[in-house]
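Once you scroll down, you'll see the structures, which are given as structure tokens.
Paired with chain B in one complex and with chain C in the other, chain A is shared by the two complexes that follow.
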Partner chain A sequence: MASVHLHELTKWYGKRRGIEDVTLDIADQEFMTIFGPAGAGKTTTLNLIAGIVAPNRGGIRIGGRDVDGLEPADRNVAMVFESYALYPQMTVFQNMAFPLRSPKHRTSARELEERVRRYAKMMKIDHLLQRPIQALSNGQRQRTALGRALVRQPDVFLMDEPLSHLDAKLRHSMRAELKEMRSQLGTTTVYVTHDYLEAMSLGDRIAVINLGRLQQVGTPKEIYFTPASVEVARLFGDPEINVIGARLRSKPDGLAGLQILGENIPIGVPSDVVSLLNGAETVKLGVRPSDIEIAENNGAGNFHGLVYSFEPLGTKSVLTIDASDGSRIRALIDGHRTFEVDRRIQFRIDPRSLVFFETEKEGFLAKSRLNRQEAGDG
Partner chain B sequence: MHESVSFFGLVGRVSKTLLLLVYALFALFPLLWMVIMSLKPDSQMFTTTFLFSPTVENYSAVFLRSDYSHFFFNNLTVSISAVLLSLIVGVPAAYALARFQFKLKEDIAFTILSFRFAPEILVILPLFLIYQKTGLYDTYFGLIWVYQLITLPLLIWILRGYFEDISPDIEAAAQLDGYSWWQVFLKVLLPLVKPGLVAAGLLCFIFAWNAFTFPLLLSDARAQTSTVVALRFLASDTVHYGQVAAAATISALPEVILALLIQKHLVRGLSFGAVKG
Partner chain C sequence: MAELTLRNLTKIYNPGTPAAVEQLSLEIRDGEFIALLGPSGCGKSTTLRMVAGLETVTSGEILIGKKTVNQTHPKDRGVGLAFENYALYPPLRVRDNLAFNLKAHGVSGREVEKRVAEIAKYLHIGDLLDLKPAALSSGQKQRVNMARAMIRRPAVLLLDEPLSHLDARLRVQMRTEIKRLHAEQRFTTIIVTHDQLEAMALANRIAVLHDGRLQQFDTPLEVFNHPANEFVAGFLGEPPMNIFEVTMDAGSRLVVPGTDFTLPLNDKLQRLFGSRAGAKFGVRPWGVKVSSTQSGGSVPGTVSVVENLGDETHVGVRYGEILLMASIPVTDRFKPGSKVQLTFNQDDLNLFDATTGDRL
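What follows is the complex of A and B.
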């Protein structure tokens, strides 16, 4: 059990940036997911914590102990690799027992046997212990790799996309199992993933990283509802968030309003949000596809568009709409309705859950409705 | 249509087997002939083919009444030492070439390989002069040293491929499991490259054991090896074909025994890509 502190951690691979100035505090027993697209520097961060690669600058503390310059073996962390990194010449039992036979963690034969069996049972591979690794399916390898990390009872778990090579169904069930497991173990965990669902469902907090830089750290809710930038907003959610250019103007009633999508339908902006916009005349609006509603009847506040594509997904459907100004809007709608392509439709945008970003830097400005509670404690 | 395919398939299988059989006979017959010759008395050497009165006279002449055994053990000593030295130097070298990025890496690898480009006869003259001057001439160490030209490139290039096949993650995993780098190397990496190690080691031994040009010109009475000495039975006055054959048969024994002992690894080792996670 230990906390992990990264301080201005920087790693360059020659001229290529791995990560730069990553400062991150992970509390004891916290489950931190590091999320980002491919090549963002997630695995580099993990390898730095494990001591597999050495940083160019910055430091790492694990459990209050400075571990810079310590060998991986001396850091008492366990890692699950994306490639599983099982020892192919050994059986499942030998793989799981390997850490307990090392000089660092030598365990008596009886306890070793007991521990391997206990964790094999937990990972539901106790019937496979004598199998060679080659005879295992991907899912079973995954469980073995997790089991090998667990038997050690390390200070920190590091997991590098452990579920990415599993098929979708298995991935979802393993995700649930991991969640169950972490509540049993309570060990500090750093979990790297490029799947935003994994990041949100598992993490106490999420560290969003892109192009080697930390973009935002926060709880799944904070990141989803108050993303630090357009970039972060785009990474979370499927279908992707709609980003719409908007112009601020005064409504007839004197309050501030937004003009968007080339239509003359001002959307009201609460005055406390306006004060957060720093007097900007234009903003970028983030609208989640689930906040767009298809209008049944003609109405004053309706936007107009053409159905560009319609994808039924079961309980929900994704509707892509060409709006009046030509921009494309994604809407997540009820799965019972069907739309033909090129049909004229009208839709409404829920004004209560808009996210406001700067036009140029695309940084977070404000959030209507939720900004007072959600952004406040972040 | 379906039957004609299977008919051709059958013909294909039969002819493949036949061709392999012909090749096997072609390859093995000289060996058989060698063993037959070694068992013939000189008087029947040219008068009989397969039916003769066998004798071990040639073997006793070679082993008991000449110093052939001395040179036989010379060859064993030199070849085994050469292979061991190659292993000690070559395994780390192959690992470094597979794992680390450093300047001139590919040039170094290519230079090592290029040791095998030139025919031995091309470099033997300067080597002979150097050996004469440095006192390496006719010493075990001199031969072991020069055999590295034969064994080292082979070993390094085979093993490099094996090390490259092992994911660096496996090494990192073992280090995280609480092992030092050396322990990782011995407990995880070496077992994984063992098939390649065995195959490359055996090939090296065969090449070293069969080396002829180097021991012929770089050694004399003290360190000479059996490959060279076997020719002595072709004396200027009489040619004892039986004794040459007996010497050659004995010479082939270590290779055959070794190959049989490690046959299992050999097949796996030469069919590359044996390391799969």
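What follows is the complex of A and C.
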């Protein structure tokens, strides 16, 4: 068990930036997901920790020990790959015991047996030890791969998109299973993914990386509800967050009002939020599609629009709306309603859900107030 | 534009091997948007290629309008094709690739320009019009491909996984645009896809295929809410439907043997279950209500995993080998180890035959 500390870690591949100046503290036993789009620098970061590639600049400490220059085998980290890399004709027991049979470990037969059984039990595969890998389900294979990494008792687990080769449905169940096992691991884990649901579900914290640079580090809640930039906000959520230009207006009652979507709707902004806006007259507003509600009746606070497209997805539907000023926004609505294209509709925006960004630099300014999910405890 | 009818359409590649497509009958109305949905190898692309005329038919009939086209040359069938690797002319700019067939059919220069501009707007390729195909990414090629198929306003538009090469963000945008385009133009359209969300979002009706056979042909919501069998139930929906084996005890309650999952059934479901030894039980994550208080017929359990996903929260309750997933309101709070009671809306429950998988 160990903490991992990355200090100004930089890796160039010729003229192409892998990552630059990544500084990140991962606590002992923490599960850190590294999330970003393809080519962001996620796998480079993982490979640097593993020692598979060497940095141009910066350093890595594992458990307080400087590991720069150490061979991968001497860092006591365990990689879990996308393909699991199990030996298909061997049994679960043989696969799990494999790392302990290397000369480096010199484990006695008795200890080997004891360790394999202990971790097999933890992974709930102790009843499968004599089965060949070929006879296992995908979930059981995942457990075996994790079990095999565990028997080595590494300081750090490194996982590179272990679920990405599964089809979408299986990924959902395997993610839940992995999260369930996670509490048993108790080992510091760095987990790379391009799937925001995996990043949110599994991570104690998420490091968002793009174009080789760290964009934000925080708990899933912090990143979802207080994204550091429009860019980060857009990476989390499907359909992605709506970003709407807005003008701030003073109102007689002292509240600031927002002029958005070509309409003068009295969405009040509390003064403590206004004070965070640095005197900006215009802002960009982030509004999640699930925070837009279709109004049943006429109302003073309603926005007006035309249905551009309607896409049922089962439990939920995506409604794309052309607002009065021509901007196009998406709402995620209840699955039992249907809408015809070009129908006039009215909608409301949940004033509690607004995120304020700078107009030009698109950095985070403020949020309207506590969101629903945050209103509760941890 | 036209209706399209498939009658007992069958394709056998090698005599003695299983049919790639077996006795497929579909009646597609004029202007309708149909999705052929299924995993790889289910026969969906073979079906599309037979309609296009790129594949011979072993037996059965294809009618476009009222006319049998089995023997008609592909170019005379009035179909527009956007296939995954349907080549663009390399020496021509995108603009000319789009215009090529229109000009060949004697459409006036002004009309060609108008249609190019129109389709470019929908498919977000306005700034690509003066590039040559070699300069395009695979996603861009795919959009140009689709534009070229649509611009001719064919009787039937055939789309083979048109969004599969696009990144997630663009895929969602393009899905919306295709849907809009169809709402305006009402091309009779068949899309082949393995992506259930794409099929649900776009199609008026979905034909679910498995091993060359039609499993169900109905509206997205009907297929989603009343799946014809276990395969369809498991193929549609994310997170997937919880499906597991159950038996019935002496008190007419569903039981997962070896666990404390015991669920009293209403009369209708009892009747459907009948005198079977066992069946498969299916419930979508949204059909499970999780509460900390007991109520009539609730099933006790212990939360073993919680996933906070921003807009959604998922809770997993373990019963032996089964991890039963529930989608709950984000305002509800449970932790691993919480003792909970699960309730089920009995109208949301599915029972499938243990052997055939058919809906009871």
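In the analysis below, the second predicted complex is superposed on the first by the 309 of 378 C-alpha atoms of A that agree within 3 Å, B and C clash if a C-alpha of one lies under 4 Å from a C-alpha of the other, contacts with A are read in each partner's own complex, and residues count from 1 in each chain.
Going forward, a residue touches a chain if its C-beta (ideal position, glycine included) is under 8 Å from a C-beta of that chain, and two chains touch if they have at least 3 such contacts.
Given the structure is predicted, the values throughout are model-derived calculations rather than measurements.
Judged by the touch definition given at the top, the superposed model places A:His304 against neither chain B nor chain C. In the superposition on chain A, A:Arg143 contacts neither chain B nor chain C. Chain A is touched at more residues by one of its partners, and among chain B and chain C that partner is C.
Using the contact criterion defined above for the overlaid structures, shared-chain residue A:Lys42 touches neither chain B nor chain C, since it reaches no partner. Touch criterion not met for A:Arg205: it reaches neither chain B nor chain C.
Legend: residue contacts after superposition of the two complexes on their common chain; A:Pro312 is shown touching chain C, with no touch to chain B.
According to the touch criterion, chain A has no shared surface contacted by chain B in one complex and chain C in the other.
Across the complex, chain A is touched by residues 39, 167-169, 172, 175-177, 179-180, 183-184, 195, 197, 200-202, 220-221, 224, 234-240, 284, 286, 304-305, 307-311, 313-314, 316, 318, 323, 325, 327, 330-331, 333, 336 of chain C. Residues 47, 50-52, 71-73, 75, 77-79, 81-89, 98-99, 102-105, 133-134, 148, 152 of chain A are the ones touching chain B in the complex. Residues of chain B that touch chain A in their complex: 167, 169-170, 172-180, 183, 188, 191-192, 275-277.
The touching residues of chain A, counted against chain C in their complex, run 37-38, 167-169, 172-173, 175-177, 179-180, 183, 197, 200-201, 220-221, 224-225, 234, 236-240, 288, 290, 308-315, 318, 320, 332, 335, 341-342, 372-373, 375-377.
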